[in-house]
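Written out below as structure tokens is the structure these notes cover.
Going in written order, the chains are labelled A, B, C, D and E, and every chain counts its residues from 1.
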Amino acid sequence: MADLRTEEFVVNMGPQHPSTHGVCRLVLTMDGEKVVKIEPVIGYLHRAIEKVCENRTYMQCIPILDRFEYVTSMSCNYVFSLATERIAEMEVPERAEYLRVIMLELNRIASHLLFYGVTAMDIGALTPFLYGLRERELIIDLFEMTCGQRLTYNYIRIGGVSRDIPKEFEPKCREAIKIISEKMADYEGLLNENPIWLKRTKGVAVLPKELAIAYGVSGPVLRASGVQYDLRKNDPYCIYDRFDFDIPVGQNGDCFDRYMLRLNEIRESIKIITQALDGLPEGDIKNKKSRMTYKAPAGETYTRIENSRGEMGIYLISDGGKKPLRVKAKGASFNHIQVLPHFGTNMFIADLVANFATLDVIMPEVDR
Amino acid sequence: MEGAVGMTEYLSVAFFIIAGTGIVLFTFFLARLIRPHNPYKEKSMPYECAEDPVGDSWIKFNNRFYIFALMFVIFDVEVVFLFPWAVAFGELGLFALVEMVIFILILFFGLFYAWKKGVLKWV
Amino acid sequence: MGLIKKVPVYTEKIPGGAFVLTSLETVLNQGRAKSLWYLLFGTACCAIELMCTGASRYDFDRLGMIFRATPRQSDLILVAGTITKKMAPRLRRLYDQMSEPRYVIAMGGCTINGGPFYYDSYAVEKGIDHIIPVDIYIPGCPPRPESLMEGCIHLQEKIKKQKLLDWQEK
Amino acid sequence: MTRQELASYIVEKYGDLMKPLESGKYDPLFVVEVDKLVDIAQKLKDDENLKFDYFCNLCGVDTNENFEAVYNVASITKNLRLDFKVILPYDKAEVESLQSVWPAIGWYEREMWELYGINVKNHGNLTRFLLPDDWDQGFPMRKNWDAPDFKRMPEK
Amino acid sequence: MIWPIATLELAPLFSWLRGLLVDLGLSEVWVTSISYLALGAIIFGVLALLALFLVWWERKIAAHIQQRFGPMRHGWHGWYQTLMDALKLLQKEDVVIESRDKVVFFWAPVLCFMAAFLAYVVMPWGENLIVADLNIGILYIMAITTFTVISLVMAGWGSNNKYALLGGMRSAAQVVSYEIPMVVSVLTIIVFVGSLSMVDIVKAQSGLMFNWFIFKVPFGPIAFITYIIAATAEANRTPFDIPEAEQELVAGYNVEYSGMKFAMFFLAEFINLFTVSAVATTLFLGGWNGWEFIPSWGWFLIKTLGVVLLLMLFRWTYPRLRVDQLMEFAWKFLIPLTFANLILGGIIKYLGWHW
């Protein structure tokens, strides 16, 4: 059968397509149902965040960087603050560090819940999407009561956090993570025991370890391929070295591993949050030096943290002036979408959709 | 008279075709009275995720789909034979049963052959 | 054919015609207003809030709004998120390919005037009303789901007030 | 290997090729010559004690005096991080592609070429991808770049 | 001239209409034609109402599964929501693609609707409530509903759009593959009834619940399950909705359709859903049979809507299958199983091991 040649045709998937998660465009060369060649076209969301940041003061950069990766805005706040703190060698109060960890991990859970829903929707099950978002709202409520925003928080500031948590936060947070850890059974019951789901994800779109490392893939996608590399353990920042948690690692690097790994990460994040809430000290939430007109001394550094998609980095150069000389933002999705043509071909279009969903690409991180 | 009754009943299909088409065309007509109609070049282009379509979509399509159509024809013919058999089964008895089992088995040899040859696998 | 365009000319002359016209107008407006199917289109941050609005807590479906993936079948394009200069022609194309009558909601600061990217950004289109006509503007960065829903309700009210030929071809 | 050990190891072993920079905070930062770039990258990747197999980020910089290209690399097996940069004068902004060493660098180099106009030799696919297809206003990330519809934030 | 609908519960209306037509001095041919056309219009009306209800119901069920409310604002629990949708679709522009295949593009929705509509010629709504009791009833339904696939391929091809083409091709492959298990499941029942007439099939199950074919162990439940699976595929519903897989093919074969033409596809989809459920009711669940306190058409509707509910629950629970898995499931599992079940049924019938 294979020698019967048929015409290949080119299909544009995107920029407006339900499963490209934003405005990515994949130019697919297809032979019937099979994708023969993928050519990603990006830039539809290139908003020049880096240029804007060069013309803002340090504090003004933070809300702009919120939009760099809006699903986990806290990480964006944090990575920029951390970069500035490293250049300035600034101390951060203990309480602020704890609050940061709580917020970062809550945001990771929120992001993974969104991933859970969107992936299920891309594979055709609509209901999990709403379940995922339902629990995400609980976390959004927590953020809202802390910083007044649902999506772009502008909470973690240079040298601390912008304001203290309200009294109700702690009980609410404990309740939320309790509900989420109970609902995890629902999520898994809905999909993991479903033979169709297993058939659609197991063994599909395997990303080999070597390819993943060569193309700079990071985060859950890299770990699903069997590489134990999590910056929270391997390049510790903040106070992650004080907490007891595991790094889930996959074996096969297929869609199922990537999906499962994120669900397991939710569990680990819940562990971290519980420990952080238990150990939350009293005290200042901000370094005294941190003001709206903060100026960092000259210096440069590449700072990277582990956000829900992988390595998020900021290359920050300060020349001692009011504004940073250069802010280069690196998002994990940039590498993920770059590696896609190298392992995503010769599969069904349905598998491509599943693959794209489990890579958890988000376009502002790619285009900036 | 008996035959005429039968014919009348089949006539109902013809009249339903007329009625159905008529109603659909009528709703189209009704919509045509009300709806706006404003075609221009951009609107009349095929939708391909807001991009210019590349190449023609009327192509020699992958043969995989046709294989299933061919297999379907074989089995559908079998099913056509099965219908009268099923209707008359009560009267025919054991002979019909054995015969049909043999008939189905022969066809299934074909299916298993195709299976083994990898025809059922989507390559 | 658009025969309806000639209806006011004739009916207004006959007695009671104005009443018939108003009734027809009301009925047709109800249909358009109460069944707004939005195009599944989101570019940036606002798209996440759009998803949240469709989800359980806020539930767009209550207003009778469901999403369609193709512009041919959608009535409303919710421009959720920044439109860059590269995306602008595609947005225009999407709008063009929608079937009339069609409505536009500009959701969020970026779509209104560029929002946080008004200054210093070389790539952001400063306001989508340079590209397509906008019915409702919803400020916020991103707007809360409640404000999005309120915007949609305002759009429904706006549609209900339309005259018979407002939504016909210009 | 701690950061200090890594810095002193590199100075000791590749001191003639890589000069440490004071401005680098936290992780060690070195400056290298443009024409030895590929050579150094390959050595960093192959060195038994370093094994910089993971490419993090490439960043073009316009310092108002010259261009720089900063490479941030990491080692998964040895758990190390290192930055090194090349300094490029305005009139000769050109680097060699490092795709043979780290395939991941491909798109970063494209981006650097597109936004800064730093040419990348032997890249193979140096095409526009972030800016609109019909972009004709030059390289927008350069400090002296300007365009008619480009509005700067007014100073207070 | 014998009226096939003579004993219909609607008969007074028809006697009146017929009397009126005869009084007008029309010949028998005209009387028959006009009556049938009127009957067609009534059935259309019923189906349109049913479709409106089913769309609303599906939205409500989906919403409640997902812990939402669904349509709420337009009427009590949004009861006239779908009416508004229909009214809106009536006013939508009919976008035509310049490069389309004119004839094919225009007739695809008509044919799609016709294929769904014609099945109701032989649908036994209740006792004596049938348009025409054709003696090939079930074969006719099986044949006529397969027309849908032609219309979908036509829609896919006529649109000159690659997504639509892929959707059309997928639907062709899917429907032809699931046609066989569906028909063979039905055959298992025919072996017992010995007739293809829908009325005969229902009558063979008259009496108590245990006369329904679904309870004829062991082959009855198997046939029912295989039929339901195949029927889900025939009706293009999740987990078999690959022809219009939103996340893969945008909207599949109806990408380019808007306004009333799209409405016809939409209507046909829900009529098809009702058709396959009604056939399941007729074949396996005893059709209109039931206790006296509800009229026969009431039983028919209740049972059919029950099956519809089942299919809706499938839709909002399962992910979508991939095209090759779909085919393999049909050819490697469902077809051998249904044929084995057919032989089993034949043996049981021959030996008389059934009640």
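Just so we're on the same page, contacts are C-beta pairs under 8 Å (C-beta built on N, C-alpha and C of every residue); 3 or more make two chains touch, one makes a residue touch a chain.
What you are looking at is a predicted structure, and each value in this text was computed from that prediction instead of being measured.
Participant: So if I look at the partners of chain A and the partners of chain E, which chains show up in both lists?
Facilitator: B, C
Participant: Let me spell it out: compute each chain's centre from its C-alpha atoms, then which one is farthest from chain C's centre?
Facilitator: D
Participant: Centre-to-centre on C-alpha atoms, which chain is most distant from chain B?
Facilitator: D
Participant: Counting contact pairs per chain pair, which pair wins?
Facilitator: B-E
Participant: If you average the Cα atoms of chain A and of chain D to get two centres, how far apart are those centres in Å?
Facilitator: Measuring from centre to centre gives 24 Å for this pair.
Participant: When the C-alpha atoms of chain B and chain E are each averaged to a single point, how far apart are the two points in Å?
Facilitator: Centre-to-centre distance between chain B and chain E: 14 Å.
Participant: Would you kindly tell me how far, in whole Å, the mean C-alpha position of chain E lies from that of chain D?
Facilitator: The separation of the two C-alpha centroids amounts to 63 Å.
Participant: How many angstrom lie between the CA centroids of chain A and chain C, rounded to a whole number?
Facilitator: Chain A and chain C have C-alpha centres separated by 32 Å.
Participant: Which chain D residues touch at least two other chains?
Facilitator: 130-132, 140, 152-153
Participant: Mark out which residues of chain A touch at least two other chains, giving numbers and ranges.
Facilitator: Only 9, 11, 15-18, 32-33, 43, 46, 48, 51, 55-56, 130-131, 134, 348, 367 qualify.
Participant: Can you list every residue of chain C that touches 2 or more other chains, as numbers and ranges?
Facilitator: Each of 28, 55-56, 69-72, 84, 86, 90, 94, 97, 100-101, 119-120, 122-123, 167 in chain C touches at least two other chains.
Participant: Which chains are in touch, pair by pair?
Facilitator: Contact pairs between chains: A-B, A-C, A-D, A-E, B-C, B-E, C-D, C-E.
Participant: Contact residues on chain C for chain D in the complex?
Facilitator: It is residues 84-86, 118-120, 122-123, 126 of chain C that touch chain D.
Participant: Enumerate the contact residues on chain E facing chain A in the complex.
Facilitator: Touch residues, chain E against chain A: 62, 65-68, 162-163, 166, 169-170, 238-239, 241-242, 245-250, 316-325.
Participant: List the residues on chain E that touch chain B in their complex, please.
Facilitator: 1-2, 4, 32-33, 36-37, 39-41, 43-44, 89-99, 109-110, 113-114, 117-118, 120-121, 131-135, 139-140, 157, 159-165, 169-170, 172-173, 176-177, 179-180, 183-184, 187, 190-191, 194-196, 250, 255-256, 259-261, 263-264, 323-324, 327-328, 331-332, 335-336, 339, 342-343, 346-347, 349-350
Participant: Could you pull out which chain A residues touch chain C in their complex?
Facilitator: Within the complex, chain A touches chain C at residues 15-18, 22-23, 43-48, 51-52, 54-56, 63-64, 67, 70-71, 114, 129-131, 133-134, 136-137, 140, 150-152, 363-364, 367.
Participant: Within the complex, which stretch of chain D touches chain A?
Facilitator: 23-27, 29, 53-57, 59, 61-63, 70, 72, 74, 76, 79, 81, 83, 102-104, 106-108, 129-132, 140-141, 152-153
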